[in-house]
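Worksheet: one structure, shown below.
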Amino acid sequence: MKLSDINAIEIEKGTSLWSNSWYRLKQNRLAMIGLFILLIMVIISLFTPRIAPYSYEVQDLNLGATPPSAEHWLGTDIFGRDMLTRIMYGGRVSLAVGFLATAVSLIIGVTWGSVSGFSGGRVDSVMMRIVDILYALPFIIFVILLMVVFGRNLFLLFMAIGAVEWLTMARIIRGQVLSIREKEYIDSAIMTGIPKSRIISRHILPNAIGPIIVYTTLTIPNVILLESFLSFLGLGIQPPMCSWGLLINYGVETMEEYPWLLIFPGVVLSITLFSLNFLGDGLRDALDPKSTRR
Amino acid sequence: MIKFLLNSIIILVISVAVLSSCSGDKKTNASEETKNQILHIGNGTEPQGLDPHVVTGIPEFRLITALLEGLVTEDPKTIEPMPGAAESWTISENHKTYVFKMREGAKWSNGDPVTAHDFVYSWKRLITPGLAAEYAYQLFYLQNAEKYYKGEITDFNEVGVKAIDDKTLEVKLNNPVPFFLSLLYHHSLYPVHKGTIEKFGKIDSRVSKWTLPGNFVGNGPFVLKKWDINKIIVVEKNPLYWNAPNVKLEEIHFHPIDNEQTEERMFRSGQLHVTSTVPSEKIEGYKEKSPELINIDLYMGTYYYLINTTKKPFDDPRIRKALAMSIDRRQIVEKVTKGGQIPAYALTPPNTMGFTPKAAIPYDIEGAKRLLAEAGYPDGKGFPESELIYNTNEGHQKIAVAIQQMWKNALNINITLSNQDWKVFLDNQRTLNFVLSRASWIGDYPDPNTFMDMWVTNGGNNHTGWSNKAYDNLIAKAAEAIDQKERYDYFQQAEEILADEVPIIPVYTYTRNYLIRPEVKGWYPNILDHHPYQHVYLEEIN
Amino acid sequence: MIRIILNRIAISIPVLLIVITVTFFFIRLAPGGPFDTEKAVPPEIMKNLNEYYNLDKPVFSQYLDYLKNLIKGDFGPSFRHSNRTVTEMILTGLPVTFELGLYALFIALFIGILAGLSAALKPNSLRDYIPMSFAMTGICMPTFLLGPLLVLVFGIWFEWLPVSGWNTLNGDKILPSITLGTAYAAYIARLTRGGMLEIMYQDFIRTARAKGLSEIIVVTRHAMKGGLLPVVSFLGPAIAGLLSGSFVVETIFQIPGLGRFYVQAAFNRDYTMILGTTILYSTLIISFNLLSDILTTWLDPRLRDNEAV
C-alpha cells in the first residue's frame, strides 16, 4: 500500500512521514528563517529584470564610487553603476549557478554512488576507482581547458562545476548505501524478488535522503563559493555581468576606500549561505525517520 | 560540559602561543634594515631564471642588472650611456663600426679579469641557434649575426664582433644604429663567465645549474647569495666590482609578490622599501595623504588596442578610425586607471628622446558616427557583434569594460569581452585569432624606432595583418639615416600613416606607479624606469 | 583486512597511470605553449625551443620518454624555471603547504568537533545555534574575503600579527592557518552534529544510559566512535581540498607553498611542473582516501567483512 493510500483512509487522521517531517521542520526556528530568506532571495532574483531600479551595466564614470544615498540605496561602484541593481543581478547568476550546478552533481552523484554501493564487488571497485581518478585530476587545468575550448559561457560554467562536485556526492552516497544495504529489511526486499532499481529508489534512497539533502545543501553554497574562486582567477563570470562572487572580489580590493562595495554583497552572500545551511540542517533533522526526538 | 569547554579554550590559547613562537625570529622592519643598508624591493612575479640570454621579463631584468654589467651602464638621472665594463669607445664616421676599450682592473666575482673575449663569447652564446634565445634578434644589427643564427654560416669569426686583443672589442654593424649604445644596456647583451657556463653544461645548454647561488659568477655590483623560489632572492655587495668603493648598499632583498594588494599591505606594515606597483584604487589616497610615499613617473610605453585588419568589417579603415575617435581617453585615465597616465592619440609616447608625434586621432563622436554611417552602418545598425580579448588582469578588465560602454553609447555597437589567460591570449594574438585585442609595448631602448618598426609588413610583433608599403619604406629609410632630424622626419610621416589607417588604437602613455619610502636615496625617475643599484642607498629619516 | 589494503594499493597503480596519461594529453590540448611571450619570438627561435624540449616530437613519443624518466624518478626540468628540476621545486613547496594544511586541519577539527558536539547534545537550543553559526562563518565567507579582513583587523589596525610571510616573522603562521581552517571547520561541525545526532538516538545509547553510565562516558566511549564516522570519511577529501585549495591563502599571505607553484605552472603551461604536481596530488589523494576508508571500516565493524571496501 502506498503512503498516499494510507492517508486517504481517513478513519483517524493519522500522520504520514512527510507531514511529520514538515511539523518537525516548523519547530526549528533557524531553519524556518533560512527558508523564508531563501524564498525571498529566489523571488527577488526571478523578478529582478522588472524591479531593478537601474541597469547593471550602464556606467557613469563622472560619478564613480559613491556611498549609499537617496538615489542609490546601496551606493555605486567605481564605474558609477548602481550597487543595488548589481547585487540583484548578481544574485540571479549566483543562485542559478548554485542550483543548476548542484542539480547536475546531484543527479550524477546519486546515481553513480547508489549503483556502485548497491552492486558491490567488482562493479563498485571499478566505479569508485573512476571517481578516484577524476578526483586526482587537476581541477584548474580541466576548467581552464573547458573555458578555453568552448569559451567562457555560463552554461559551461554550470557543467564544469557540477562535473567536479558530483564526486564527493557519489562517495558519500555510496558510503550511506553500503551501510543501509546491510539492514535486514533490504534482505527481505531482495528475497521477495523486488527488482534492484526499485529497491534502490524505494527503499534505500528514502533512507539515505537525510544525507542526500544535507550534502545537497552543503553543495549549493560550495558551488557558489567555487564560482567566486574561479572569478578570483579570472575564469568565472565575464563583465559586465556580475555574480556575488565577482562583486566580492572587486570589493575586497577596495575594502578600505569604498567599504560599501564589500559589505553589501558580502552580507547578502553570507545571509544566503547561512540560510541554505540552516535550512539543510533543519531538513536533515526533520526528515530522518529514525529521529524519535520530539 | 562547562569544564570541557573551558579546558578546550585553554588548549587553544596555548597552541596559538606555541604556533606563534615557533616561527621565524627577526622582525624585518624597513626602518631597521635601513640602518644596515639592506634594501627590500617588491619585484612582481617569481623570475623565470637569471640567465641573461634566456629570460625575457622585467622582474628578471631588475635582478640581472644587480648581478651583471654590460659594456655600458646608464646615468641614473638621464639614462645616457656611460662607461660600464667598457671604459671608453670610438665610433666610425659612418656609424657602423664601434671600438670599445675594456676597463682596466674590471673583475668577475671569482677574481678573473673581464676581457673583450668574454663579450665575444657571450654574444656568440646569445645567437647560438641551439640556445634558442628569444632576444637573439637584438644582435641582428651586427654583420652576419642573423645568418649565424639561422645556421647559414657556422664560423662565428664572420660575425661582426671581434676581440682585437684582451682589452679591445670591435663591433661592425649592417646599418648605422643611433641607439646602439643604449641598446647595450639591455640584459641580453650582458656578458657571462665562460668558465662557469662550461663547468655546468655547454654553451647552448638551456637547462643548467650555473645560475644557482654558489655557482653564479658575475661582474656586477652584487653577487647572488640566496634564492628561495616564491619566497626571496638576496644579493649582497660584490667586493671585486670595479666601483665597489662607491656602492653603499650591503644587500638587496627581492620579494616575489604577485598580488598587488598583498604588496601594498607589506609596504604599509614596513616590510618593503619599494614596491613594483600600486593598486589603482589606492593611488588617490596616497596622493592626498602621503604624497611623499608614492611615485608617479612617466614611462616609455603605450597601451593600445590591436585591430585584426583581415577580419571584415575591420578591413575598412573608416570603421577602425570611428572606433578610435569615440574613446574618451581623458575619462579612462582620470576615472579608471587614475595613475596619472597621459591620453595617447598617436603611438610613440610624447618626448621620446625629443620626438613627439604631431599626428593625432581626434576625440570626435560626431565624426566617428559619420564615418560609421559612411562605411555602411548608420547608427550601428547591422554592425556585427565583435569580441575584444584581454589577458586576465584587473586593470585591463576595467579599461575594457569602460571602453565597451563608450562604444555602445557613441556608436551603438555591441562589443563582447573575453578575458583569457596569458598563454592562450598570446597564442590567439599571434595567430590572428581575434578581432580586437588589448596590447601594450614598453620601449626596449630609448628611441622612437622601438615603437615604429613594429608595424612593418610581416613584422614579428605586428599582430594586425596590416601592411602598408609607404610605411615600410619610411621605416627602412629611417634605418639608413644618420641625422636625427632626418630620421625623426620619417617617423613623423610614419605616424601620420598610422593615424590615418588606424591598425592600432593608442589609448594612453604609461606611467610607473609605485610606492617608495623616503629613506631610499639615489633613486631617480626616468622614462625607462632604470635604477642602477650602484647609485642607490638608504638614509635614516628622523 | 590486510588483503583488502593490499588490493587497494595494487589497484592504485593503474589508477595513477591513467591519471598521468590523461593529464599529459589533456594539457597538450590547451592552447598556448610554454614559450609564448608577448614580444614575438621569430619562428626559428620557436623551432629551436620546441626542439630543445622535445616538443617537436610526436606527442606519443614524448609521452613514452616521460614515462621512462619517471621510472627512474626523474620528473624532468621545469619548463619555466630552467635551472631547477620539478623534484626540487616540489620538495621546497610541499613541506610548506603540508604544514599549513596541518595547522588548518587542527583548527578545523578543534572548532568543528567542539561546535558539533555542543550542538548535538542539545539540539535546537542556544547551545546548538550559537556554536554552529560561529563554525559556519567558514563556508559563508570566501577565503579571499576572510583572509584580507583578518589581515586588515589584526595586521594593520591592531598590528598584532604580520600581514604576510611564512617562517620569516613571529606569528606569521597564525592568520593563514585560521583563514584556511575555518572553511573546513564548518563542514566538520555539521558532520559531527549530524553524525552524533544519528547515533545518540540509537537503542544502544539508551541502553548505556539506562545502565547508569555518566553522560560524558556515554558520549565519548560509546557515541563518538560511530558518531564521528562521517567526519572520518570526510577527512580524505578534506585533506585533498586543503592541499590543493591552499592557493588562495598562499597568494594572500605570500606563502611559498605548492598551491602557488601549481597554479603558476597551469597558467604558464609549465608541462613538467603540472605533471609532477598532479602526480603528487594524485598519490596523496589516493593515499588519504585509502586511509580514510580504512579508518571508516575499522570504526564501523559492519563494513569490515565487505569486500567492496
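When the chains are written out, they are named A, B and C in that same order, and each has its own residue count from 1.
Please note the rule applied: contacts are C-beta pairs under 8 Å (C-beta built on N, C-alpha and C of every residue); 3 or more make two chains touch, one makes a residue touch a chain.
Not measured: the values here are computed from a predicted model.
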Inset, instruction - Name whichever of B-C and A-B has more C-beta pairs touching across its two chains. - result: B-C
Inset, instruction - Quick one: point me to the chain whose Cα centre is farthest from that of chain C. - result: B
Inset, instruction - Provide the C-alpha centroid distance between chain A and chain C, rounded to the nearest whole angstrom. - result: 22
Legend entry - Distance between the centres, which are taken as Cα means, of chain B and chain A, whole angstrom: 45
Legend entry - Length of the line joining the C-alpha centres of chain B and chain C, rounded to whole Å: 37
Inset, instruction - Would you pick out the residues of chain A that each touch at least 2 other chains? - result: 144, 148, 233, 252, 256
Legend entry - Multi-chain contact residues (two or more partners), chain B: 261, 421, 424
Inset, instruction - For chain C, write out the residues touching at least two other chains, lowest number first. - result: 30-31, 148
Inset, instruction - Would you pull the chain B residues touching chain C in the complex into a rising list? - result: 1, 4-5, 8, 12, 15-16, 19-21, 23-28, 45-46, 48-51, 54, 56, 129-137, 149-150, 206-212, 228-231, 255, 257-259, 261-262, 265-266, 268-269, 271, 421-428, 430, 439, 460-461, 463
Inset, instruction - Please give the residue numbers of chain C that touch chain A in the complex, ascending. - result: 11-12, 15, 18-19, 22-23, 26-27, 29-31, 123-124, 129, 132-133, 136-137, 139-142, 144-145, 148-149, 152, 186-187, 190, 193-194, 197-198, 201-202, 233, 237, 240, 244, 248, 262-263, 266, 274, 277-278, 281-282, 285-286, 289, 296, 300, 302-303, 306-308
Legend entry - In the complex with chain B, residue positions of chain C that touch it: 30-42, 44-49, 51-52, 77, 80-84, 89, 92-93, 103, 106, 110, 114, 118, 121, 148, 151, 155-156, 159, 162-174, 177, 216, 251-254, 256-257, 260-261, 264, 267-269
Legend entry - Footprint of chain B on chain A - complex, ascending: 57-59, 61-62, 64, 78-79, 144, 148, 151-152, 233-235, 238-240, 252-254, 256-258
Inset, instruction - In the complex, go through chain B and note every residue touching chain A. - result: 261, 279, 281-282, 284-285, 331, 335-336, 392-394, 397-398, 400-402, 404-405, 417-421, 424
